[in-house]
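Written out below as structure tokens is the structure these notes cover.
Naming follows writing order (A, B, C and D), and every chain is counted from residue 1.
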Amino acid sequence: MAVSEPIAVAPVGAAERLEQTWRQPPGFWGWFKNTHHTAIGVRFMVTSFIFLILGGILAALMRFQLSRPENNLMGPDFYNQTFSMHGSTMIFLFAVPMMFQGFGVYVVPLMCGARNIAFPRLNAFSFYIYVGGGLLLWIGYLLNTGVDTGWFSYVTLSGPQFSPGKRVDFWAQMITFTEVSALGVAICIATTILRHRAPGMTLNRMPILLWEKLTISMAVIFAMPAVMVVSSMLLMDRTVGTHFFNPAEGGDVLLYQHLFWFFGHPEVYIIFLPGTAIVSTTVAVFARRHIFGYVPIVVSVVATGFLGFSVWVHHMFATGIPQISESFFTAASLMIVVPTAVQFYCWVTTIWRGKLQMKLPMLWIYGFFFVFLIGGLSGVMLASVPVDWQVHDTFFVVAHFHYVLIGGALFPMFAGLYFWIPKMMGRMMDDMLGKVHFWLFFVGFNLTFFTMHFLGLHGMPRRVYTYLPEMHWGTLNALSTSGVALMSLGVIVFIVNFFQSRASGELAGDNPWAAGSLDWATPSPPPSYNFLEPPTVNGREALWEALPNQPIVGGLRDDVREVLITHSLDAEPEYKEEDPGPSIWPFITSIVVGIVFVESIFTPWAIAWGAAPVGAALIAWMWPKGSRPLRRRVEEKWSV
Amino acid sequence: MIGVGPIAAALLIDPGAHSMFGGASTQASHIEWLYWLIFWICFVVYVLVIAAFTRAGARNYRGDPGMLPVLPKDEAGDRRAGWFVGTAVVVTILTLFFVLVETVITGKKVESATTSKNPVTINVIGHQWWWEVIYPNPQADQTVTTANEIHVPVGKPVVILTNSADVIHSFWPPNINGKRDLLPGYSSAFWFQVDKPGIYRGQCAEFCGLQHAHMGFSIIAESPEQFAQWQQNQVKPAGDPTDPEAQRGKQVFLTHACIMCHTVRGTDAGSRFGPDLTHLASRQMIAAETLPNTRGAVAGWIVDPQRIKPGTQMSPNPLAPDDLQAVITYLQTLQ
Amino acid sequence: MSRCYQFAVLATVALSLSACKRETREFRPVPPAQNVLNTVQVSGLNPGANPVVPPPAPSVYQESAYAVSQGQTLYNQYNCVGCHANGGGGIGPPLMDNNWIYGSEPANVFATIMQGRPNGMPSFRNRIPEYQAWEIVAYVRSLSGLLPKDVAPARSDTMNIKPAPESMPRQTPTGITGATEQSK
Amino acid sequence: MERLRQRPVLDVSGLPTVVFGPANIIWLGNLFYMLIEGTMFALLIASYFYLRTRVDEWPPGVHPPYLWFGVINGILLIISFFPAWWVQRQAPTGDLSKVRLGLTVMVVFGVVCMVLRGYEFTALNVGWNSNAYGSIVWTLIGLHTAHLITEWVETVALLAVTFSPKMEGRKFADIGVNSDYWYFVVITAVLIDFVIYGTTRLL
């Protein structure tokens, strides 16, 4: 499109009018009506961080129970509920909501230079339904109805005969809640990335973080249905007497494992890729150099997304599947190392050729390098079938995936928080406390989890609530437990740091890190309309490569919530969409849906009679309300 | 590779008889060798990569408080870096391929036993939370049924036919071989050959409910002669006790809850709910290798098993003291 | 922020009404009264002899899903199936209909198991600990829909030969309570 | 940020506000939604054949479902493809009466298909709780029925909107996209009919 000669921009009062137009509704009910992505993103982060702390408390409980042989701090029933809750909470209520939904919803629209996320109401709905799932699981736990069959809930143990009561049903419905949430956000983020990019941000100028979020969204869209299917099958087996997993009636116990891991392994990359996204972003910023190997990295990311779907059987090597398929899945599991290796090499070259500035986020990124690599390499051991036969389902595996998930998600998460919190709250985090936090956490983490490798090699199985003194596991377990204190202390320091900095940290300004992506081209915290002048883009690092007189987007109305939709490939402006604005209906719908889901645990018929109110709520949601349709009828401009 | 074992062992706490190191069978030794091979590859890789990152960070490190200007693009440097990354990736792929080949070879070695002729066949059935062990035989009266303690002859191939009575368990004797899941509705064959005589502990490795932690078993490898002897003894039904207290104990056994769950061949007790007690006294431990087979432990187990293994299917039996002693005396006679 | 969580807690408080007892799992029941168990009994078949005074039924067994499912396991393992089949009846009377010869109250069923009944129901006193008897009672009553749906067991991992107790319509018990009346 | 600087402007004021088909982000959102649902159907069909490998006889011990309700229903759904397609053609012209007509026809088709579907359930010759085969068959057809009902309700709602004074351009775009989803329901129906009625007889 044509770009005008330089003219005076930002007419007087534009900011005020935009503020008025995009105002986030105030007051108690306003909180539930708000659909702006910055607000929802922060909510996702805060909520999932709370679940991180809850899950951590459960972990501490388990470590204390295991700190010495034949310990009777808790019995098997409570211990089983505790470790199952720990796994389910960390995976379903913390890792994905924080790494994918939280950072994605907050950062992606800003990085695209958009004024809001696509389908903001669906986005808000996804948040409420996620909170609903979390509360369902945790209220159940507090009422002695916590899932006690592990976060994977293999049949037949989780089936109707061996898990009486409603514990597993609560878990299965929590899955549905959280996956609906992840799927909704995936649609929003993918659409935002494809259609809301600033003019000029063609596909090959997209920041790597956007590529990763796009890949993850697609992975979510293809992986999450599997777990919804399998948890629904389990629920039907338990409530209406279907026979999917009943060996005596043609059901099959391996079907469950296949479906579950068809979701379960991509899930690992859904958690890990956001981490690498943060790494690629911050490495470039703190090495003061464009990331080296943009194309290889993007290709690796997409390849990881695909390969993630081809390795699920390596969770089932011990089930006695044919050797030929074992070899195939070993090959696939080893192959998936390559894309990650490519990224590591690109990062190290970027740092090598840059001028590293060891700010707080970079400290955590280095923690990521040291820690995640151990997990990755022990993963190579696990991919080798015979070794897996030995260490599968032992504490070696526990050590492995904590190095992968804490290393690949939690360390980058803290890096990302130290990196973006200045943008979110406008003040810098305290450097000293940040370092204390890092070292406490780093040492504590390795103390806790490195010892577990040895425990596994010496035969300690997972998910045991105690062990016999004769097994010689006591010392290492005591050592492992001692690390928990340091980690917890570190997290407490972080929380203190957060509130202290929020009160009196130094002001951040627009771009404290002199970073290159568009999220730093607006005040911190961003106004409700994100950008006073929607930007255009001239390179991969928009701000570093901006022309001296980089054009801005003009002609979007400031009295209507107009957003610019561009072409998915070349980001040419295509049409002007109108942001639907605040609405209470996502919240009401999520409440209705939640009630129906919960009721269906007790009477399957709830699905039948519950469909009516849900349908009603959805129709009310989409029904044209207020005067805006009438105005639009007059003003709308058709393209045919 | 040889010197490696001791070095690493020094890092570790005494394994006891329950570890994937110090393998007692061909299979375990193959797997251990593969493990150390991959371990040292990974070790080298880790050192190299971490060294590279540390050097890269230290190289141009600047403690400036503010952010420095962005470095300009540099084509020549990009080309050199490209060569570096390319080479590194090729090396990575070759290493992974090597690992893959070694994996497949070792896998074949481990499973090679499956071809051997007339092995010792043992059915192992997982129960919540104990192992039923059957040495099948065409003649029913020659079939041996026991629990939790698996006697095998040294130097002969053994095949375990796994099965499960309730939920998924996993059969894992670390010193002898990897693990194999016991899946309801599936039966799979699990081969190994023990070379060193000894008692090797194993444990359930797939979460199977309340007492998953206390679901152990032992593999007792002995010379073929001892094994044959043991087998002959096991096929015999229980003899009638001679001394009066044992006889009274038998009465108590047959008139109380015991008879509802346990079998003692040669008596009216024939329920298969719990372990077969016909030769209980010949076992070294009870309660799925949780307690030693002593008077005191047995007494505690009979009276209040739910304190020792909460949730176990064994019910508390508040017998009168003399009844209890009589029953134990009787059980001791079941050689 | 915090207000949202308060609100959501209210929205899901309905759950808290429907848990607790259903999930209780009692592993160490109070040991049965010594005197009952220590009278050695020579024959299992002595219907009606030294009748048990049925103690008041501990409600926990009727309300705990775990107890009912344990009862199901024991019902199969103790070979009640032998006579009563899977509730359909055979040598013994069917248990999934609404006809209770000796009464449908937990205490009645408990007495039937513990002291036996004429025409072949043996006495299981001393053979079955009281708490297990109560668990079997709970399961037997669930067969004819006398337990809450969320406690009764759903289908089990066996051949599918009877409707799951969970899906049994509730029967209104008939038949006269008391050991004097005989079955037809 | 210095606000009063002179800067060139990319003026987008002239862009349209109502676009149809792939240009509209609704189309993209709907595409993703269909991908999700499609994955679900694919996984269930995969499970169907996986379970089939676990037994010797299929269907195990029962007759395959009665053929004709399913076939007629499938044919009807295929025919209903055309009104949906016609509506999609008319929507960009903004011809309200034609769109109403088309939607009404779709709604009628929906009603008939749902009634027939009801008969299909009565003729499956197996209960969902009799064995694994019954479970997967009921789940497949039940999930599709859920989609049929959802799509029908959505069509009814859109038809109702066309009569409201607040009918506007973007709703025409929605009506166009709604037809895409109708195609999806038709295609999955044909697939599932083939699995349930076809494979049990043909292979």
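Basically, contacts are C-beta pairs under 8 Å (C-beta built on N, C-alpha and C of every residue); 3 or more make two chains touch, one makes a residue touch a chain.
Quantities reported herein were computed from a predicted structural model and do not represent experimental measurements.
Asks: Looking at A-D and C-D, which one has the bigger number of contacting C-beta pairs?
Replies: A-D
Asks: Roughly how many whole angstrom separate the Cα centroids of subunit A and subunit D?
Replies: 30
Asks: Quick check: how many Å separate the C-alpha centres of subunit A and subunit C?
Replies: Those two chain centres are 47 Å apart.
Asks: Between subunit B and subunit D, what distance separates the C-alpha centroids? Give it in angstrom.
Replies: Once rounded, the distance between the two centres reads 51 Å.
Asks: For subunit A, write out the residues touching at least two other chains, lowest number first.
Replies: In subunit A, residues 75, 77, 156, 161-162, 237, 240-241, 243, 246-249, 251-252 touch at least two other chains, as defined above.
Asks: At least two partner chains per residue is the criterion; list those residues in subunit B.
Replies: 166, 184, 210, 310-311
Asks: Pull out every residue in subunit C that's touching 2 or more other chains.
Replies: Counting only residues that touch two or more other chains, subunit C contributes 25, 27, 155, 157, 160, 164, 167.
Asks: Could you please write down every pair of chains that are in touch?
Replies: Pairwise, the chains that meet the contact rule are A-B, A-C, A-D, B-C, C-D.
Asks: Within the complex, which stretch of subunit B touches subunit A?
Replies: That would be residues 11-16, 18-21, 30-31, 34-35, 38-39, 41-42, 45-46, 49-50, 52-53, 55-57, 59-64, 67-71, 73-74, 77-78, 81-82, 84-85, 88-89, 92-93, 96, 99-100, 102-104, 106-108, 110-111, 128, 162, 166-168, 170, 172, 174, 177-181, 183-186, 188, 190, 201, 203-213, 216, 290, 310-311 of subunit B.
Asks: Could you pull out which subunit A residues touch subunit C in their complex?
Replies: It comes out as residues 28, 31-32, 43, 46, 75, 77, 131-132, 135-136, 139-140, 143-145, 156, 159-162, 164-167, 237-241, 243, 245-249, 591, 594-595, 598, 602-603.
Asks: For subunit D, which residues count as touching subunit C in their complex?
Replies: Residues 129-131 of subunit D touch subunit C in their complex.
Asks: Quick one: which bits of subunit C touch subunit A in the complex? Just the residue numbers, please.
Replies: Those residues of subunit C that touch subunit A are 1, 3-5, 8-9, 11-12, 14-16, 18-20, 22-25, 27, 65-66, 68-69, 72, 149-150, 153-160, 163-164, 166-167.
Asks: Help me check something: in the complex, which residues belonging to subunit D touch subunit A?
Replies: Residue list for subunit D touching subunit A: 1, 3-20, 23, 25, 28-29, 32-33, 35-37, 39-40, 43-44, 47, 50-51, 54-55, 60, 92-94, 128-136, 138-139, 149-150, 153, 157, 161, 164-171.
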